[in-house]
């Protein structure tokens, strides 16, 4: 997820800010606590950054945008770190090629943690001692917190990908699931056998009720950020849209439903697919969501808990837009636009399920409770990012910020698609009805899912 | 331009159809008349197809969708041609890899012309002798004509690209311009010198009046095909959109205006650019529109007439979306959305300038007449395809056709941008206010231009 | 085949030179006579050059190295041709990227033929009128003739490759073989079936006697050019080598023998292969020599005569070094070194079979006559280039020539392997026991074959 | 360096073997002792393997070839490790793609060390308790030791490369050299300035005497392994070669001498270069040996001790064959063949300088002492691998071993060049006059240098 700045924040009470700052910073490190130093270095694909890099880049953000500007006499931790840990800001000079992030063993994790401590000390001192910090400083402080939280979601999904590449399928969380572990040898199924009839018999038995269709009235609706508090600049300006009446399913598509698509040959029938998606799926041999693999006992998938059987009633996740769209075509439905999604979310009064994100997080979207009300719209916020059929473009009246932060969001506003709703890996205050996430149509390593419209 | 099918056509009078069929078929061949056999074979980049391939593929379309279905006893001209000349229809089996179209010297041009004659004879016989052809036949006939005309525009732009790759800069049209021909040696300017101050002195002197801004009222407007006659399925369904009031420039951006962007360093300042566009422009060393090259005497460009000096008052063309967008940012404006463009075109009563397309066509967008009324909106239709800031997505209610023709348009509806208005190379009845053309953001070899909105 | 210069030539009798010049020049054009203009443009793989390019490049050689130096007042045919038709001489400035030779439709074939006529007229005039041409001029004249003949072999093999890429499998020579033509559809065999047991039954029935092993004595032998007349600089200096006694087979490996290797799984058993060869063969899916394809009736192959059944007793050809070496390993033998090959060829008194190359050439290596003497060594010269297990390195005492011609041979003397003996496509006076041809280990489009040693 | 098997070893005294085994195993780990876990994971280029991988792969070799064969009841440490740590043995099944070695964070370094301990314990037990081990076991034991030592040299050079990629230029050895550390910012010199005249003034002042030329008599010489003890199969069979008399320089080419080549424009003059070398050098922008960079104060280079000034009298190293050959051409000399090199080494009675390899190793080739006798031949063994102009081919009579170990050497015997003499990073008993190392012509990350012949 590539982030985007702005919007003022209210009373400037330093102790409150300090507490938030400390909590966010601690959470980034807590996410890496289960890792070995080796895990923090590697970059198994271009979209994934090494955890060590995330820890350092978020720190560089504080150093570059706040400390060098507002902390008199601040000493850079190291003169080369700006080169090493700038992500994509052309305004701020040259930087390590993105594809090379995983070739740098140094600075070591310990050095990066020392860098974090250095910056934390300086920022703590600044917040504690200075009384004359200007409003723009607090706007940047807010942005820095939001930015670091966005990287927390990336940390969660990048760690999953990193651990998945080992045939050992190591678990990020807990040991209690170790019994599902099997030798990777056992898991290898010849592709020739991969679609054999016997496997069909392992079709997942679902306990879910069929999804119900909920109507949303047409007419002029207002979308975009309209509340108080922080938002990113890409949620502005709020504006009216004209919609025809439509219906939305009351829950996300489940693994069992998606398996029916697989078993019906959905991955082998071009008629359901966008042309570029079909070509990619053929070239890469897709036949199921990312992380799924066939096992003699049925489908398994890699999770933060290691290798597990696919749970039929949980939402399907780790699919590209192409797969979401093909599924919708196969199912005789379609994906909603982002205006439809936001209008529906507002119409149904979507709220996040409470719960502290990190402490209890399973990093695994959960099934709908058996007694969920079919007349209600569920799983809108905090389960899976829902692909919409809307390109990620600027809203009417959008303007890029001046300076380096103008690169935060605006330059990505073409060739990507909007996702809505937040996932199980999204920090809580990044989930709101107006929040716009965006990825290219082929991306699968985020917690992405499907909601049908018609 | 990738096409899209359907919509019924009215009275089934065979002689009228036959005349249209003959005219369209003749026009494809007339476009290739100035070429040598060698010119019809090559594929200097992936987007370009050899003219020989266009001549054969359009013929394959008639053979596959009409003759094999409706002409009893029709004999295929050659059993391998379906493999050789299918473009992208998965429904119709395997085909030559697109990148390999330029490696096939056989079938020769003469064979392809014989193929055309064979199919033309069969179709003529069918139209002349059969009295019981069903309505769907005439729909396919209409589609075949539209399809072949779409390829005529590609022929015009692909031929331009093919001829441009030779250092000899051969002219497609006429000889009268030969005096501007210079040895390519003279034209090579060291890249070190390429932006030297002396060149700035050759800044194009324009006689154009400044563009004026014309207001368009906001509110609910209807877009999409609402007239009678043929349209492609992607123009449907007509539907209402809600727009804020906006202004549009009364003409296209000129070469002189675009040169000011170049000389102001527009190609070297990332702040104006989308991120992916900036990376591409750097990687490929863009510093001007496609076909432009610096000459000691100022900017020149390759045209269908050979190498010519850039005309300051003509519309700038052969630019990607990235360049159009960067220019708009630099100019403090933006590109219109497709809904804005169509609404404005309807509001201003856009009409094409009369004129027979092929006979008098210069394949070169013309300057606005000096006495053009600044209160009117000019050059909306038939000059340059105008990039919009709208992704090419399905309209509400769009549904893919069944069968192979379902691949005509629908599978391209992601990752591309809409262009509107038609160009100097677009056959006349392909220019209408609801017509949706689409290309990826990086494409430059079509006649693409810029209209500013704000 | 990349050529190499030098060695003096004897009496300077202009009419004799002129006759040779005309014969060689005419032969290049005669080779292209069966082609259509379309065939002369394409470049279906990097190693292949368009015939039009060969015709022009050989002409550029005469213009650059002889006419501009020795013909006072010579007018270049076109100022851009030096850029277009330089092959690889850095000394002579920038040039068209090799990979782009097939994208240039212009200059057209007719222009290239006019270029040839222009140069031929100037050279004829020079040879006819000037009496004071220095010895070095005649050395260059000799080199120009040798150079053009080297390109004649490339013309023959490049034309074969070009025609082979069409599913229509057009014949270069004659029509009499048309009856073997089948639709390419019939020829497509599913790769799943490709190695099915039923095909084994079509194992080629050979009439050949088993090859015999002929002993060659060890000791000190002299290799390199030791005769009079022309040689390339890479054949010098002649020098002594010390060899252990060895045996050589009395003929080339046949198609039937090679098919036994195929059917025994030779392409699927890494133990016979060099590591880089194995990886390449897997990546490209090799399962037979280039141009072979499985047919329901047994193996067929593309030839200058179109598609034909594989002839069991003809020498196998169109194989890479990797395949030759793997075959030898499978057969319990090895490839000879170039010193062994030349020593054996001298020992057995190898001579070319007489015959005029072009007029009667079938471009197809022929089987050994049934009554061939098993005590003689056959097919050493003029059948297939025989891969040796010797790297193409400079002989002791070799020195690059000064100037541009120093690039003719020397800069290729690493990373390639020597081939000996000449092929059915080699012009006659390019076949001698000291002649060193060289290609990378993966190349297959020349007439390359296998002779076993032990 | 890719290794190769065989040759019997004499008395089977287990305690002696055990001591050697322990010493070699300990040395591999000692080499990694200065590293952080992060350093052991990354693979910054394809030729480099992560140190963790080397530690595991050498262990896999023991487990696969000795323990599973000769230790009854041996338990594999982990069923997946054979897949993870097989290098290139097709005989032993599928394996991790070489390019992906640096994406696997797991198994962690600690797991690999546990793997080593597990295998060491089993092998120790086997050697201590079993009395009936067959001779072939001891041959494999010898091979395992040689194999692990070959990987020690790779460890040394791969670690150097890994540390070099960080702009921080961390030192592998010692801290005493820290004062030469400068910020990488200071070190960046604009490429435009890179060859400016002022830098020429920093031409290295050398204290070396000019190299002297030492004659070596021609005639028949015997090369290949002729001593007792272990050798690799590629050193066999010993055989006679016939050489012309030649001269060899009495020492390696120095940095000062190589800098003269640089400053004379050697990297910008194609005439000195092999064609493929020139193209590569241009494409990659080579202008000095690997690890060299221009500094305002003159040339610096990355070493195991961090960044240091180039020492004028030390041998130049980290050059490709292409650079070695170009230098020789520029200097009016040539590279020796491997037969010449070995003959000269035997003629001059080359011996390694004593000294314990690991303990005192600076991993940096040293200058010749000022008082070195110019009539002696120096630096033949243990300084830099010396590029020869001999392809790495099998010696006469060479035969691949049966089974997986047949893949040890034989399958690499094409497309590479032989290097002789051993480097400062080569374990001592891997340095002998018959030892054949081999790399592709473009490789630069080993300690490779130049000795001139003529």
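Miscellaneous remarks
Read from first to last, the chains carry the letters A, B, C and D; within each, the first residue is number 1.
Going forward, contacts are C-beta pairs under 8 Å (C-beta built on N, C-alpha and C of every residue); 3 or more make two chains touch, one makes a residue touch a chain.
Note that the structure is a prediction, hence the values are computed from the model and not measured.
Across the assembly, the mean Cα position most removed from that of subunit D is the one of B.
For the pair subunit B and subunit C, the distance between mean C-alpha positions equals 45 Å.
Averaging Cα coordinates per chain places subunit B and subunit D 58 Å apart. Once the centre of each chain is set as its mean CA position, subunit A and subunit B turn out to be 38 Å apart.
Under the contact rule stated at the top, the pairs of chains that touch are A-B, A-D, B-C, C-D.
Against subunit A, the residues of subunit B that register as touching in their complex are 88, 90-91, 220, 239-242, 244, 270-271, 273-278, 321, 325, 389-391, 393-394, 396, 406-407, 411-415, 417, 441. Taken together, the subunit B residues at the contact with subunit C in this complex read 36-44, 52, 78-80, 83-84, 100, 102-110, 162-163, 165-168, 170, 183-185.
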